[in-house]
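Below is one structure. I have some questions about it.
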Amino acid sequence: MVAGKQTTFLFFVLVLAVAVYYMTRARTGKIPAIRKIPGLDAIEEAIGRATELGRPVFYVPGRTEINTGGAAQNIAGLEVLGHVARMTARYDTEIRVAIAAANVYPVAEAIVQQAYLEEGKAERVKPEMVQFLSNEQFAFAAACLSIMNTEKTASVIMVGEFQAESLMLAEGAAQAGAVTIAGTARTAQIPFFVAACDYTLIGEEIFAGGAYLSKNPVGIANLAVQDLGKLASLVVIIAGSLMVTFGNKSMINWLKK
Amino acid sequence: MNILKRFGEMDRRWLYVILLVMVVFPLLRPIGIPIDVSSSTAKFVASVDRLQAGDRMLLVFDYSIGGGPDVDPQAQVVLAHALSKGVRVVEVAFVDTGLNYATKACDLWVSKGKVYGTDILNLGYAPGVETAISAFGQNIEAIFVRDVNGKAPSSYPIMEGIKTAGDFKLIAEFATGIPGPAEWIRQVVTRYKVPLACGVVSVMGPQNAPYLQSGQLVGLLGGGLKSAAEYEIAVKMPGAATAAMDAQSLGHLTIVVFVILGNILFLVERREQKAKKA
Amino acid sequence: MKKEVPIGIGFLVGVLIVFEYFLKGLWPAVSKTATDAQNWGSVISAFAMGLAAANLIVIHGRRIKQKHPDAWMSWLLFAGILVMTITGFYAKGTAGGNTFSFLFDGLYLPLGTAMFSIMVFFIASAARRAFRARNIDAAFLLVAGVIVMIGNAPVGKLISPWFPSATSWLISFPNVAGNRAIMIGAALGMVLTGFRVIVGIDRSYFGGE
């Protein structure tokens, strides 16, 4: 074991063990209850709005590559994309997916094609549905603004990892008259989405997206494990803070092992 | 009240004009607002000051074009400070546009008399973001087989004894997004225990403050251009960043005025609606 | 096999990287294989750019063929790709004085910088439209934002020495606490997402259910 990672490994194994336990329970029908997440509930409304207005839904599954630290957020964004694509296929609503990372493009394309295939609308898929715009940050943002304005998108959904372009996209969507739903776990960009969007998914709510929308029992079980993990972290933080306050550093030393 | 309502209904382009005037004016007629050095900047300065002549420092150009004006002044002043102390600097980039900035900086200092390969070296750009950083940490020459001039890094005196990221005395990384401090902490600091100081755009400053508090960063230029100005003042090398601070001050004040006016209007309208309902 | 092969590869590589992170040094061969796998990831990413470029060419080619009103922009895109590719091949890196360097420094850099600068106008527009104290949470966000904006600029100290101190306190305490909380939650989410992908429960990354 690498020095300094023993405690981390212990927590890692514990989290996975609890995850396996809850997922097994979920398969037998014991599904944990989760609270309402307004941002995710609003997705169906947003797609409904686009359908009524006869205008497209614009989706951005994050901007970073799938082999970076933001991969988990990208995957969360792609999970929500699958759900959104199925709904747009079902309601015959146009969808435009903007991709900024080359290695996300084939994945997003496959997801949209699969979604339309499952809804029996495979013939409606066209290349314009999933477009690689640019991996250059502001070229991508400019292209997104152009699509929002020229195609008069009715709803803009952005879930994934974003950087400085987040405010540009959110405010641009608002100026184009679209309903905006956005979510990211990147703490620097959350305030921009909270301020400028109609609905926001904060932090780990984006990881709940796929499970919440699809009502997949195994996915929902994962959410319960996340909450238990946070509870455990809270206990360790409180216990550790109290111990250090009274001069006992054993918790800190154990965490550093 | 009419003024407020007119402000609320005003074409947003007038707001842009007001903002433009407030930012450009101090560039033409500097005001000279004094600049204080924050503690996080002072820590960064101290981490470079602790280096001795001959020590090797890694300077990472992980910033894109968009954030360049915010972060490039930071990188330039840190590079100038390090070279002025006789510290030897190896440049790398894990963002493609960072290579351009690295090359410009290297060429500038070579033209000022620094010896390429002895005082300063540009290893170039490696794609792959975090996977490349992880591999770089373990074996530098596995990722940078040749420098920008096509020669093996180990053929240069500056790279003598440098095999992994842990062999550097200090790593200074400048980022506008990904990869950023988090990636370097995960892949390099945690594994090799090498001191890392970072410079970032102002919007990333707050999210990286926890790393400075926990000691995973030894210094943080978290205010973008303002941090660059603070560093310039601290090392007595005033430059472009210092000159731009008046414009930043007035720009911030203008935005705050817009926010306050917008909120006063919002409260007034809400009160009027409540009165109408009553 | 269409589903099993990607899941198998994902499982093997995922376990390898996790093993290498925690048990590095135990089996040097594993460390080397993990490093090689990460290098392959970098190479595959570079190849994915070709796929993305093909998509660009298809979409903009169709626009030109269909005589779309904005087809001139598609022509501009193709011209840009060709010019930068050809000059890039003939340039020696970004050494000064050649055409690629001229185009990069004279066109690409200013365009990117200008786009970033345009952000300030979006902030101005959002400041009037959206930064409203609609409820108590928004009011806290607003007040903190105003204090930090003033405190972060040198003029803040001129207005009152309280602003820089308040800014420093806000960033060092409530901000760090909030960031850490979101980081911990997001990290747990990432670990579990990674676990689901590695063991094949989550197959969204190749279009599977």
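Lettered A, B and C in written order, each chain numbered from 1.
We take it that contacts are C-beta pairs under 8 Å (C-beta built on N, C-alpha and C of every residue); 3 or more make two chains touch, one makes a residue touch a chain.
Values in this document were obtained by computation on a predicted structure and should not be read as measured data.
Novice: Consider the two chain pairs B-C and A-B; indicate the one with the greater count of contacting C-beta pairs.
Specialist: So, comparing the two chain pairs, more contacts are at B-C.
Novice: Using the mean of all protein Cα atoms as the middle point, what chain has its own Cα mean nearest that point?
Specialist: It is chain C that sits nearest the middle.
Novice: Can you compute the centre-to-centre distance for chain B and chain C, using the mean CA position of each chain? Integer Å is fine.
Specialist: Inter-chain centre distance comes to 16 Å.
Novice: When the centre of a chain is set as the mean of its C-alpha atoms, what distance in Å lies between chain A and chain B?
Specialist: 28
Novice: In chain A, what residues contact two or more other chains?
Specialist: In chain A, 2, 65, 67, 136-138, 164, 187 touch at least two other chains.
Novice: Specify, in ascending order, the residues of chain C that touch 2 or more different other chains.
Specialist: 24, 41-42, 45, 111-112, 115-116, 123, 125, 129, 131, 145, 179, 183
Novice: Where in chain B do residues touch two or more other chains at once?
Specialist: Residue numbers touching two or more other chains: 64-67, 128, 131, 191, 206-207.
Novice: Mind pulling up the chain B residues that touch chain A in the complex?
Specialist: 64-67, 128-131, 176-179, 182-183, 186, 190-191, 201, 203-204, 206-207
Novice: Give every residue of chain B touching chain C within the complex, in rising order.
Specialist: Contact set of chain B toward chain C: 7-8, 12, 15-16, 19, 23, 33-36, 38-39, 64-70, 97, 99-100, 103-104, 107, 124, 126-128, 131-132, 134-135, 138-139, 142-143, 148, 191, 202, 205-207, 209-210, 213, 223, 226, 229, 245-246, 248-256, 258-263, 266-267.
Novice: Which residues of chain C touch chain A once you look at their complex with the stated criterion?
Specialist: It is residues 21-26, 41-42, 44-45, 48-49, 51-53, 55-56, 58-59, 62, 70, 111-112, 115-116, 118-119, 122-123, 125-126, 129-131, 141, 145, 178-179, 182-186, 188-197, 201-202, 204-209 of chain C that touch chain A.
Novice: Taking the touch rule as given, give the residues of chain A at its contact with chain C in the complex, in rising order.
Specialist: 1-2, 5, 8-9, 12, 15-16, 19, 23, 65-67, 71-73, 75-76, 78-79, 82, 99, 102-103, 105-107, 109-111, 113-114, 127-128, 130-132, 135-139, 141-142, 150, 164, 167-168, 170-172, 174-175, 185, 187, 190-192, 194-196, 202-204, 206-207, 210, 218-219, 222, 225-226, 229-230, 233
Novice: Chain B touches which residues of chain A in the complex?
Specialist: These residues of chain A touch chain B: 2, 4, 64-65, 67-70, 136-138, 161, 163-164, 186-189.
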